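Before any comments, here is the structure.
Naming follows writing order (A, B and C), and every chain is counted from residue 1.
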Amino acid sequence: MTHLRRYWLESLAVVVVAGSVARSFTVEADVVQGDVQRIMYVHVPSAWLAFLAFVVTMIGSVAWLRTRNRRWDRLAASSAEIGVVFTGLAILAGMIWARPVWGQFWTWEPRLVTTALLFFVYLGYLALRRAVIDPVQRAQRAAIMGIVAAVQIPIVYYSVDWWRSLHQASSRNSIDTPLRITLLLGVLAFTFVYAAILRRRLELARLEEELEVKRFEASPDVAGAGITAPSLARALQRD
Amino acid sequence: MNANSLVSLENVGLRIGNTLILRQAKFELEPGEKVGLLGPNGSGKTTLLRIIATLLRPTSGSGVVLGAELGTDAVYDVRHRIVMVGHLPGLYPELTLGENTRFVARLTGHPVDVADEALAMVGLAGASARRADQSSKGMLRRAELARALIIEPSLLLLDEAHAGLDAEAIGLVDGIAHQVVTAGGAVVLVSHEPDRLNVDRSVQITDGTLEAAS
Amino acid sequence: MTFWRQVYEIARKDLQVESRTAEVALMTAPFGAAALIMIPLAIGTDAPLLSDLGPGLYWIVVLLFGILVILRKSAVDGGPQRDLVRLLGIDPAARFAGATIATSLLVLLFEVALGPVLVALYNPDLRGWPWLFLILPLVAVGMGLLGTIAGGVTTSLGTRTSLTPLLVVPLALPLLLGATQAFEGLQLGGSIVPWLVLLVSVDLALAVSGVLASGPMEEAVT
């Protein structure tokens, strides 16, 4: 019972994912695309998560700038790490879906293009974090970039949507109710998976910081401690 | 803490990443004081100076500089009363010494001939048209001291105060410091040459910890 | 000293430093021109094809090579120079605005320098060309804003020259689309107002973000 209480979110995620997988394979396939259409139940929820994770990163970034509480920076960073994985998954699933259906790996559909650009935005955000050693500076710089990017992403989406509407008719077809229910179940399942992974990643980040603080307090690396009088000077004096 | 203190630091510490640079620094600076900051390489002298200049936010402790609490937006209102001459020149290499000084004059609301007068007072009138990246270290330091003459700061902070200066120019440092303290301001000088410092008292920093030296 | 006077002085100083190095005029612009010359060697020199693709290729070169304008030496203040500007009591927003104006003007210079190269090599349809007096500056301002923000968060980082392009390019897509679609709209005789509105929206969103982030950006670099 203790394990269930401790892992309640993961348990819930497993249940919902199991239900979603079962539904994905048992619901009738699209009459035009056939069974390959089922990959939509991975592609669309992944893309949804990619954007959700980025919104959470933005929320963490704003909260850090307002409070300078490290837990908000941990939230922003953890969500970005998870987001980049799901963004990659969304792109991959989209390409696997596109090839048999449209004969090419890439369709220039606005959501796919925006997801691809979001992938690079994530990579840039994580690369920025990696490049800064001091945790406070890292949090500050990353927070600024997280917010600026979040403001720009909707503009990116609408600009691609406009462009696409001029060059090609919208490929957004209506979905029958059974397929729509399966899709929503998939979105719910992925959201629980995201929440479960995020919770674990946040705990790991918190423990890493606590360990760092304990190590530091036990034997702090003092800036000038390693500097002594040069031995060459002493040798020259003796001579 | 004395309410009239220009600088008051209480248990101020600075940690960057996993490196502790300054710890529990207690420091007071009164109007009219000249204080020397001594210590070996890597002891935290420049860090302390930058905290006093409000350029670094301490990671622990608290402090007030010219009435502004460190780490708050109030520091924006007092920075223009501080001049810090660091051990690396704060000049734009591609601009001439005259252009650099006039830039400071214009941004502090002074007419540009004040800049030219200041350069003349530090002995650089004839080098005004020389680019900063073609000037010697001593010339750059003199040009930076000209900045103190233009701004007339309440707080003058000099890192490696006499580095690169010839005998004539060392007197310049003392002269400018004297002007600042006479006007009710204060001066902090970092130096590796305690014998050359003309100060009221000195503070020693070792491994990020402050103690009175004399 | 007023806010706008501070903006003017910062922009003037940046442009003065750039005039001494002439990096954009003598290095970046020729590099961009060389790219425009090399592209047809890779995709074919068929005149109608180049006339069609020319404007799009021009904007891609402006976007990708314009990053070098953002990375120029005169855009980078060293630690002592940053300390100087902070201690002079300059409003961080003024510093941001001044740096953006300088970078935008230099990107505009870059665009203008490449213009004759585009016309000479690609012979594009320039119907409605007076609208370029609006399109070029709007794109330049967008690049200037993005560049100053990205430059601000990558200041003093060793990987700055690689990281800044990665931060700028994905977010510059609306600028690319706005410029290319406006150009195409002119050639087809259609309305380009929506694309101009897009460019203005991007610039406004970046300007507001940048001004609000200017204080935290300054405090993030010590």
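Remarks
By definition in this document, a contact is a pair of C-beta atoms (placed from the backbone, for glycine too) under 8 Å apart; a residue touches a chain by one contact, two chains touch by 3 or more.
Quick caveat: nothing in here was measured; it's all calculated off a predicted structure.
For this structure, the chains sharing the highest number of C-beta contacts are A-C.
With centres computed from CA atoms alone, C is the chain lying nearest the middle of all the protein shown. Note on chain placement: the centre of subunit A and the centre of subunit C lie 29 Å apart, centres being C-alpha means.
Between the CA-based centres of subunit B and subunit C the separation comes to 37 Å, rounded to the whole angstrom. Inter-chain centre distance (subunit A to subunit B, centres taken as mean C-alpha positions): 45 Å.
Residues of subunit C found to touch two or more other chains are 219, 222. Taken together, the subunit C residues at the contact with subunit B in this complex read 1, 6, 9, 13, 16-17, 20-21, 74, 78-81, 83-84, 86-91, 215, 219, 222.
Across the complex, subunit B is touched by residues 133-136, 212, 215-216, 220-227 of subunit A.
Contact residues on subunit B toward subunit C in their complex (touch as defined above): 50, 53, 55-57, 73, 76-77, 79-80, 82-84, 86, 88-92, 94-95, 99, 103-104, 106-109, 131.
Residues of subunit B touching subunit A in their complex: 15-21, 23, 39-44, 47, 59, 206-208.
Those residues of subunit A lying in contact with subunit C across their complex are 65, 117-118, 120-121, 123-124, 127-128, 131-132, 137, 140-145, 147-149, 151-152, 155-156, 158-160, 162-163, 166.
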